[in-house]
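In C-alpha cells below, several structures.
Each of the next two complexes has subunit A plus one other chain: subunit B in the first, subunit C in the second.
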Partner chain A sequence: MRALIFAVRSLVRQPGRTALGIIGIAAVGALLFDMLLLSRGLVVSFRDLLDSVGFDVRVTATDSPLPGGIRLTDATGAAAQIARLPGVAEAVPMRTATGEVWQTGRPVIGLTLTGMDPGARRPWTLITGADLGPSLAPPELVVNQSLMDEVGGAIGSEVTLRTGCDSSRAALAPRTFRIVGIAQFPFDDEAQHTAVMTRTALREACGDDKDEADMLMVASSGGAGAAVAAIRAARPDLVPVTNEQIVARMQTQGFTYFRQISAVLSTITLLFGFLLITVLLTVSVNQRLAEIAALRALGFSRGRAAADVLLQGAMLVGAGGILALPLGFALSLWLDQILKAMPGIPASMHFFVFEPRALVLHAALLVTTALLASAYPMWLVARLPIATTLRNEVVG
Partner chain B sequence: MIGRRAAIAALCAAVAALSSVASSAPSPAPDILVSRQLLESQQLQVGDVVSLSSDTSGANPRSFRIAGQYEPTPDPMRLGAVRLEVRLHLPDVVSLTAQSDPLDAESVDAINVVLANDDEARATVRRLMTAVPGTVAERAGNDERRAAPFVVLERFHLAIAIVTVIASSVFLLALMLMLVEERRATVGMLRLIGFRRTRILQHVLAEGVVIAITGALFGVVLSVVLEGGINRFFQWRYDTALVFVHITPGVALRSVTVAVPLGVAAIFASSWSLLRGEGISLTRR
Partner chain C sequence: MEPLIEARSLGKVFPMGGGPVHALRDISVQIAAGEYLTIRGPSGCGKSTLLHILGCVDTPSSGTLRFDGRDVSALPDHARSDLRLRSIGFVFQRFFLLPMLTAAENVDVPQAEAGVSRADRKRRTAELLDYVGLGHRAGHRPSQLSGGEAQRVAIARALANRPRLLLADEPTGELDRANGEHIAELLDRVQADGTTVVVVTHDAALAERAARRLVMRDGLIEREEHAR
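Coming up: the complex of A and B.
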C-alpha cells in the first residue's frame, strides 16, 4: 500500500509528463481496442445476420453458399423431401433474379429480386402493408423502403417490372406487379433496391418451365449439425451447409483482409505502446537517479525501488487503458461509418463488434506491454550503485 | 473477351472432376490455357490432356490439351480466392456448356467493342440500347463502381493514419518535455550569462528542425525497406501478384510534410516554459 502511495506521489509530482503519458497510452490503447473489435467484427456480425433470418442450414447444388451459381433442379420436390426429414422444421426453396422497374418518362430502377414462398419463417420483416399472397393477377410484390421511395407510389399501386433471370437469354417483356407491402431485408445495403415475390410469380415472370432454385433455406428443429447429416444421407447430390460453416468459410476467404490489417496494426500499436512506456519510465528513472540512490541509502530495498517503477508503469497503463475504452468505442463508431460506405455491405452489418473476449484480450495485452516496458527501467533501478550515484550526482 | 454464361465459374466448379489423361498420347483435343494455381494444385503439366465438364457431377466430359499456363490478372476484389481457372476458345465453351435450349448455342454473356473514336462511347451506348431493346450497354472504362471499395479503404487508412499521428504527437510531446526538463539548468546558465530569449529560441527551433527532418527521413527509409518485405509476405499469403504497399515520392513527401512541422511544434511547445522562466529560477534544482 505504501509502495502504491509512493508511486502515485511520484507521478503526481510530474503532472504534465504523467498526463501526456496517460493520453498517449489512451490513444494507443484506443487503436488497439478498435483493432481487436475489427479482428472478429465482421465474422460476429455476419453470423448474427445469418442467424437472424431464422434458417440455420442452406442447401445448394454446389459448394458455393451464395445464390447466383448453378441452380438445383426439382426444387419443390427436394424441399418437400427435406422438410420430411427428422430434425428439419421447415425447408423453403429460394430463387434470385435481377429486375428493372420501368416508369414512363423516368429512369429505369434496377433491383434485386427474390422468389420465395412465405412460410412460418421468412427472411424479411414486414414494416407496413400486407405480406405476399398467392394472387397472380397481378402478382404481388413486397419491396424495401428504398425501392418504394424511388418508385414514389403507395402500397397497392402497380409497377411495370422486367425480370432478368438468365443472362444467356434475351430480355423478357415487362409485366405488371402490385406492391402490397414494405419490408426490411437483412442483407440489403444502404442503397439497395430489393423486392420479393412468390416463387411461382418469379417463375412466370421468367417464363421458366423449370422448377429451379438457387438454394433451399432450411430451419432445423434439433440442431443444424443433425439436420445437415440427415440431408446428406437423404440427398447426397445436394450440398447442405450450416451458418457456422458459411461463417468459417467467409472467415478464411472473404474477411481475411480485415483480420490481416487488424493483426498488423495491433502489433504496431503494441510496439508503439511498449516504446512509449519504456521511454517515459527510463527517462523518468534517469532523472531521478539521485533521489532513488538517496532512498536506497535510507534503507529502501532493491525490490521496493523496482516495485515503485513497476507500479508507476502499471498506473500509467491502467489509467490510459481505462481511458482508451470510451475513446476506442467512439473511434470505432467513426471507423465503422467509414467502412460501411463500402458497396454491398448490408446495412445491419458492422465491422467493429464488441465481444467480452476483446476486452479481456485488450487488458491482457496492455498488462503484458506494461510488464515488458517496465523491465529495463526496473533493472536500471535494481542495479543502481548507491555510493557512486550519490557522488556523481553531487559532483555533477 | 466473349464468354458463355458463367462458363469460367462452372468450369472452375467442375475442376474437381478434372482428370489427367496420358500426356504422351496424340490427341486432336482443342487447346486450353490453365491458370498457374490450377496447374500447381492439380499437378498438371503443359501438354497434358485433361477432361472438363460443365456439370458438377462430371457428366459429359470433353478432352482438352493444356497448351500453356497463365498468371491471372491480379484482382483486388478476389483477394483470398484461389484462382482455379481455364481459358477456352469461344466455340469450345459454347459446345461444352450448351444444354437443351437451342438459344444456348447462340448466346454470349457480353460482347466487347473497341471504338475507333473513344469520344463516341456515350453516344454509341445510347444508340445500341435504343436499336436493340433489352440490351444493356455500358462503357468498359467506367471503373468508378469497381474502385468504390478501394476509395472506402483509402478513407479508412487515412483515419487510422490520423489517429496514429495524434498518438505519435502526444508521445513526442511527452518525450520532448522530459528532454527539455533535463536542459533546464543549461538554459538557465545561458540566460544568466547573457543569451537572449530569441537566441535560445532560435537554437531550440534549429535543433527541432534537424531532429524532425532526421526522424521523418528515417521513417521514409524504414518504410521503403519494409515495403518489399510486406509485399512479399502478402503476395505469398494470398498467392497473388498484387502490390499491397507502394511508397511513392508523393507519399514520402506528404509524410515529411506532416512529420516535420509536428516535430518542431512539439519541441517548441515543450521548451516554452523554459523560455518564459527567469534564468535564476531555471538553475534551481
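Coming up: the complex of A and C.
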C-alpha cells in the first residue's frame, strides 16, 4: 500500500477532526492570501492607474510629482521644447484648480478643475458627447458623470462656474461654460466632481495672463528612462520623474503602512496555522502511539513512520490551502469594498490585487508552515520507544 | 546445526526514578530454526522484555544476540527495522490491526513496505487469509471481526513476508477459551510448516503445546522444560 493512500486512510479515519482541521487551515490560508494581496495591492493598482493615463513621465518645477505646488512658468514653451527632444512623443501642460457650480436656488457644487492643452493623448476617457474643442464662446467643459448627475443638465447645457486658482487671490467672478461631453477620470473617487477645460479657458477663468502649469505630462517614445535623461539634460531646472519612480516613492512612503500591517498579520496568521497543524498532528499521533509502535515492530522504519505524519500534514495543508484561494478571493473583494469607501480613494484603485507571485508565495509559506508544524509530531514518532510503548499499552 | 537465535548473557536495565530496574539478568538461550518455544512466568518477570530483545524491537543493556549467525545486538535502527520487516513476524495481545484498513489491506501493509509487487502481494494475501480461515472476511474491517478473527488476521499479517521467526506476546490474552484454542492450533500449524515460533504467555495450556518451555522469574530463567 502506497504511503499516500496510507496517509489518506489515516486522515479519513477521523473525518470530523480532519474536516475541522481543513476548514481551520482554509480560514488561516484565506487570511494569509489576503494579506499577501494587500502587501503589494496598492502599489500594483497605483502603477496600473498611472500607466492607464497614457503618459509615463511627469515634469514639475519641484521634486513633488503631485499638482498643487510651485508651478512651471512658460509652460507652453517648455512643453514645446521637451516635445522636440529625442525619445519624447508628446508633452502636454496641465494645470489644476478648484471650482464651484452656481445654480439659482440650489446649493453650490464644489469640483476639481483641470486645464489641459489639446493633444494626441488625454488622461480621461470620453463616455458620451464630444471632447474639448478650442471654442471660447462660451468655453467648453467635459465633466464626469457624478458632476453631470448633480448639475442635472444635459450635454449642450450651460453652467455658471466660479474658479479658485490661488488661495491668495480675491474670489473671481463666475463665468458661463457649455458642457460638451461626459468622461471618466482615472483618479476620481466615487463621489468626486471633476471637470476639464482647455488651459486657455482656465487661464481666462482665473483672470491671469501667466502661462503656468502644475506639470507637464510627457509620453515617451523610447522608454521613460531615456526621456527623463533627455529632459534633465535639456532642462536642468525642471524635475522629470517616471511613473516607476513615483510608484517606488509611494512604496517607501505612502503605502508602507499597508506593507507593515500585512507583514504583521501574515506572521500572526502563519503562527496560528502552525499551532493548528501541530496540535492536530500531535493529538493524532498521541492517539495512535501503540499502533505506530506495532507498525514499527512489524518493520516500518523511523523515516517511514515519520514520513506518514508529514504526508498527513501536507495533505491537511494542501486541501486547506486550495480551499483558502476562493475563500480568500471572496474575502478580498469584500474588504476591498470596505477600504475603498474611504474618502479620496480613486474608484479604479484597489487594495487587494492578485499577482501570480502572491499565489507562489502563499503556497511556499503554507508548505514551510506544514514542514515546521509537522516537525514536532514527526520527532515524537521517530523517537518512539517501541518496546516501552507496547508494554505501556498492555499495562494500560 | 547453527541456531536461528543465540542470546548470550543478555541483561536489560531500565533506569527508573527509584533506581535502576534489572528486567533481565544474564539470560542465555539458543533457539533452533523451526523450534516452538514458549516463555511463561509471573507478571514483571521479564518475559516480554526478552521477547522484545529477541525480536530486535529493543536492545540489550549487556550481552549479545545473534540472529541466523549475525550479531544483531548493536545494529543501527534502520537495519533492525529491515530485519524485523523481512525476517521476524510479531503477534500482539491487542492485535493492533489498523482500523481504517480491511483484513486484506492489513496483511498487504508489510508486504508493500518490503517492496513486494502488487500481483505477488495480492496472491500472498489471499493465500494467507485462506491459511487462517478468513478468506471470506478479506474485505471486512477490524471492527467487523471478532477478537479471534482479528488475531488470526494479525497472524496472517505477521507471516506476510515469510519470516523465519514468529514472536507472539500473549496471543490469547484477549480471547475466550474457544478462540484461544483456535489461535493455539494455528500457531501449531505455523510451526509445523517450518517457522520458528516463540510465544510469551500466562496461559498454561498454550505453553504446554510447545516442545520446549522456559519459565522465568525476576529476570532469570528459572527452569527449562521439555515435552515428553
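Methods note: the second predicted complex is superposed on the first by the 395 of 396 C-alpha atoms of A that agree within 3 Å, B and C clash if a C-alpha of one lies under 4 Å from a C-alpha of the other, contacts with A are read in each partner's own complex, and residues count from 1 in each chain.
The definition used in the following text is that contacts are C-beta pairs under 8 Å (C-beta built on N, C-alpha and C of every residue); 3 or more make two chains touch, one makes a residue touch a chain.
Being a predicted model, the structure only gives us computed values, none of them experimental.
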{"item": "First, second, both or neither for A:Met148, with subunit B first and subunit C second", "value": "neither"}
{"item": "Touching partner for A:Gly21 - first (subunit B), second (subunit C), both, neither", "value": "first"}
{"item": "Touched partner set for A:Leu31, first subunit B, second subunit C, both or neither", "value": "first"}
{"item": "Touched partner set for A:Ala205, first subunit B, second subunit C, both or neither", "value": "neither"}
{"item": "Partner chain(s) touched by A:Glu291 [first = subunit B, second = subunit C, both, neither]", "value": "second"}
{"item": "Subunit B versus subunit C as contact partner of A:Gly299, first or second or both or neither", "value": "second"}
{"item": "Partner touching more residues of subunit A, whether subunit B or subunit C", "value": "B"}
{"item": "Shared subunit A contacts, counted only where both subunit B and subunit C touch the same residue", "value": "none"}
{"item": "Touching residues on subunit A, where the partner in the complex is subunit B", "value": "16-17, 20-21, 23-24, 27-28, 30-31, 61-64, 69-70, 166-172, 237, 252-254, 256-257, 260, 265, 272, 275-276, 279-280, 283-284, 287, 331, 334-335, 338-339, 341-343"}
{"item": "Sites on subunit B touched by subunit A in the complex", "value": "4-6, 9-10, 13, 56-57, 79-81, 103-104, 107-109, 133-135, 145, 148-149, 152-153, 155-156, 159-160, 163-164, 166-168, 170-171, 173-175, 177-179, 181-182, 234, 237-238"}
{"item": "Residues of subunit A that touch subunit C when the two form their complex", "value": "1-2, 6, 9-10, 12-13, 290-291, 294-304, 386-387, 390-391, 393-394"}
{"item": "Contact footprint of subunit A on subunit C as seen in their complex", "value": "48-49, 52, 55, 57-58, 77-78, 81-82, 84-86, 88-90, 92-94, 96, 98-101, 105, 108-110, 112-114, 157-158, 161, 169-170, 173"}
